[in-house]
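Questions regarding the structure given below will be posed in turn.
Chain lettering (A, B, C and D) follows the sequence in which the chains are written, and residue indices restart at 1 in each chain.
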Amino acid sequence: MQLGVIGLGRMGQIVVDRVLDAGHDVVAFDLDAAAVATAADAGARPAEDLNDLTDRLGEGKRIWLMVPAGEAVDATLSELEPHLDAEDVVVDGGNSHFESSVRRAESTDAAYLDCGTSGGPAGAELGFSLMIGGPEWAYEAMTPVFDAIATGPAGHDRMGPSGSGHYVKMVHNGVEYALMQTYGEGFELLANGRYDLDLESVARTWNNGAVIRSWLLELCEEAFREEGNDLGDVADHVAGGSTGTWTVQEALEQEIPVPLIYQALAERFGSRADDGRFARRLANRLRYGFGRHEVQRRGE
Amino acid sequence: MQLGVIGLGRMGQIVVDRVLDAGHDVVAFDLDAAAVATAADAGARPAEDLNDLTDRLGEGKRIWLMVPAGEAVDATLSELEPHLDAEDVVVDGGNSHFESSVRRAESTDAAYLDCGTSGGPAGAELGFSLMIGGPEWAYEAMTPVFDAIATGPAGHDRMGPSGSGHYVKMVHNGVEYALMQTYGEGFELLANGRYDLDLESVARTWNNGAVIRSWLLELCEEAFREEGNDLGDVADHVAGGSTGTWTVQEALEQEIPVPLIYQALAERFGSRADDGRFARRLANRLRYGFGRHEVQRRGE
Amino acid sequence: MQLGVIGLGRMGQIVVDRVLDAGHDVVAFDLDAAAVATAADAGARPAEDLNDLTDRLGEGKRIWLMVPAGEAVDATLSELEPHLDAEDVVVDGGNSHFESSVRRAESTDAAYLDCGTSGGPAGAELGFSLMIGGPEWAYEAMTPVFDAIATGPAGHDRMGPSGSGHYVKMVHNGVEYALMQTYGEGFELLANGRYDLDLESVARTWNNGAVIRSWLLELCEEAFREEGNDLGDVADHVAGGSTGTWTVQEALEQEIPVPLIYQALAERFGSRADDGRFARRLANRLRYGFGRHEVQRRGE
Amino acid sequence: MQLGVIGLGRMGQIVVDRVLDAGHDVVAFDLDAAAVATAADAGARPAEDLNDLTDRLGEGKRIWLMVPAGEAVDATLSELEPHLDAEDVVVDGGNSHFESSVRRAESTDAAYLDCGTSGGPAGAELGFSLMIGGPEWAYEAMTPVFDAIATGPAGHDRMGPSGSGHYVKMVHNGVEYALMQTYGEGFELLANGRYDLDLESVARTWNNGAVIRSWLLELCEEAFREEGNDLGDVADHVAGGSTGTWTVQEALEQEIPVPLIYQALAERFGSRADDGRFARRLANRLRYGFGRHEVQRRGE
């Protein structure tokens, strides 16, 4: 089949490659001409603009958006809209908020699928996990493409109606934060504990048969191998956080306790408190207040 | 080579089977004659008692203990001690506290290896992950047995001196608690959230290519398949907790923050507060104290 | 001076009483005629409706809203609006979200003050703590009323521009949740710990000179005195949570970690999970998955 | 009555002063002669050593220990022991672990009272809160002294048998950590939130009538007044932690969840992680592992 791919960043190029490898045709567009050229080298037909892309796709268009979540999605959709009708299918493969996806699904004439995509650039070889929300017929129509982009048929499924794909992906990311922080706590204790341990060996041993084996633990093993046992100059600064924030916000709205996910997110915030945590500075001072304990000052 | 196995419960029988399968000889003993008979059926030579077992092993004994952590280990060791000398190797494959292992290593004439064993009965086919502490020569001497019991050579390693094997296993279990609770939080949000989701499908889709894929997530998938989407009659009651408690105790002593691991342990305690959480009952009453909010009473 | 009070529930009546006691005039209105009658008995002039109330107040109206946060505030304001001009002052003394207060301040012709009110019905005698946001002149103009409703001049202050009063009150409530839960944890440990303790005596002893003495601790003392050492039939069910939720939401937006406040809120949610916590039910089942630990079932 | 006071540090001198002020006699000793001289200036009779102190006290000795928790208590007690008999009363007013107090009570011939003392040097004027464990007759015998040292009769009580005083004090301190951290979170949000606030004014307004008013909040008010709105050069480094650690250890043993108290303690540990939190450094690197997100490096 034929797929239009809009957005040719790192993830978009992987989508192009995997769909081409599966024997499909790809029409590719990005605002960056160099990215379009890369896709063309890989075998995609380059589009000059969105008009050109939709022209080339003809009737029953199948379009995959891989543009940054937020305004770029709306801008692209609004430019596409005049060319879309009820037989077309648009997939948003990015990290959009599920409520945005519901809104977009309602406002386009095309069938709209929200597709949570997990696996990251590291998944280029293996394929991704795709969590998809939207009309059943559109999901069925896109199955050959999903088979190609995912690890295979088991790597994608329709979660439910519009928004459910990005909803499940949002929760996935919340879980991801907490898993990462959990491994971090374990290795922090090992790194500062009673024994001089080879953390790469610990991770490798665990990855072979232990209850806690996982892909993230394989990435821990890789991290110790590449950065060294003490993680070298890797900073205590964890960027990102929007999907984890969404997860906690949704959990607040649903009144579901998610203390581990929350704490993992809070650790990220804490790692970015470049001026020190005010809460702890006040606690420091309060110990003087009642106990006349010496107040440690900056620069001491 | 020849291995004496003491303790033929579920895990001990798996050890016997895997060592026999690898072509080694096993002399097996348990206080329960039926368990000895099972091992004998599998091909092990049965021992009548510990005297008999040590007699059969001759010089350079290699002994694997798979008895419950605690007094049973000390009792077994004290009965073995008269038969042990510096050329013998004793492995404790159970969940002993690392400080007990250090103490035992110091008090026996044999070389003593503390071996954290992860993978559970479910690891019978694949083999286990073995984290081993103790003298290097003893680790080397036992390598054929470790190869057999572990998933293979990559599934075991010497962590360091006495106690380090059980130390790493202790932290492994703390991490395990938090990973389980994290997946639990994610699925709790999905189960009570905005969409009617098929949680087995979610877990399966995640297990195929998602960042959070893991063996525990495969067990989640299995749980939903076997218990149903709402987990049927599975109770909100999480048993166990000793190794997680040790992890937090050690983290307190080392002054390392482990909030996610702590919280996972606290959730277990909370699930066992059969009479309600006193803290929340007091908070309920305090809301009346200042705000005259109605106090919800039991049975209402 | 003269004050119109709209909303004569428990808190509104206290406002009426305190303002009257300070020698001011009050014109009072509520949709419930009985509440108006109560205020009239106390010495207020009853208003038949909002028209009547504004008529009676004349020029330079001073109006205190003590209606439930949310739609009731908007409905009241929209009915008042035709009668308001730039010399009038309207105070919202309820628990409105600060963003609603900013919006309302911008849409009314009157000067609008958002006033966080803490102390609860229990503060009827002592007076309240008032955190006020909005135009300085309006704050000054209302000072006699604030003096009367607050504990005195020290019990109120202008926090800053519109919204800041309710903003500070929101954070106050988040702190309140965590303080309550903290005392709860301490008493839970004492109630279940190694000694048979008289918790009322503990609280009273602490309230006399201990670092942790506070008004909430006085309410703990009262709770043990009135409910008994085991809190009798007080349920493990903590209602409420909107202002605490707002606090956490704002902290997420500001990327400020508030783990204790979050956890206090999560405990409330957990206390209302009448069907058990799904997260822990899954953890229960996972222990069987890898360890073949028995799954505790409901009704066992 | 007559009281021997051993240990004349900041707290010991306050004890001497308050007991003298109440009209009792004090015999005072400290290893530091200057401290003894200070007590003598205040009106106490100086003792040359412990022999001298016990000689001066005669029969039915009443002795207050205010020495640092730990070995100093045992050393003092072992030197006192030859001079003690069943009619004597020894009070340990320091922060000893309750299990040490139980052990000491069992090993001395005197009646032994463990007395948790809260209020800190700041309580010199007001008096302290005293939580006392041990034999009832000894508690009764010491009542005049407790009345003097505490805020008055309401400021002390017998909690129960040996150890219960220090047990309740231990929990008090765990609660104290969490209250301090909670106020810290609230003020951190206010300090970094949407409005430019005068935090001293916020604290003062809250201390006058708000639900969350407390002595610790008065100390917050003082901190902002003395250090400035941004706490000046107060460092993000919270020292101390032993009694909070004991509280969490005891809660682990009792299987009681104390997530807020734990988190407050973990924040202290985190504030002292001078080399960055390893857990977060690993999370930073893992984001590169799966997502090729740039790894922030130290010094960037």
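Here are a few things to note about the model shown:
The rule is short, and it goes like this: a residue touches a chain if its C-beta (ideal position, glycine included) is under 8 Å from a C-beta of that chain, and two chains touch if they have at least 3 such contacts.
Just so you know, these numbers come straight off a predicted model, no measurement behind them.
As for how the two copies chain A and chain D face one another, over half of their interface residue numbers coincide. Farthest from chain D in terms of Cα centroid separation is A. Computed from the mean C-alpha positions, the centre of chain C lies at a distance of 33 Å from the centre of chain D. Each chain gets one centre point, the mean of its Cα atoms, and the points for chain A and chain D are 48 Å apart. Chain C has its Cα centroid 39 Å from the Cα centroid of chain A. Multi-chain contact residues of chain B, defined as those touching 2 or more other chains: 119-120, 123, 181, 183, 185, 188, 192, 211, 215-216, 256-259, 263-264, 267, 270, 277, 279, 290-291.
Those residues of chain D lying in contact with chain C across their complex are 98, 118-120, 123, 126-131, 133, 150-152, 154-157, 159-161, 163-164, 167-168, 171-172, 174-176, 178-179, 181-183, 185-186, 188-190, 192-198, 201-202, 204-217, 247, 250-251, 254, 256-261, 263-264, 267.
Of all the residues in chain C, the ones that touch chain A in their complex are 211, 241, 245, 248-249, 252, 255-259, 262-263, 265-267, 269-270, 272-273, 277, 279, 290-291.
Interface residues of chain D facing chain A in the complex, by the touch rule stated above, are 10, 119-123, 177, 180-181, 183-185, 187-188, 191-192, 215-216, 219-220, 222-223, 227, 231, 233-240, 259, 264, 267-268, 270-271, 276-287, 289-300.
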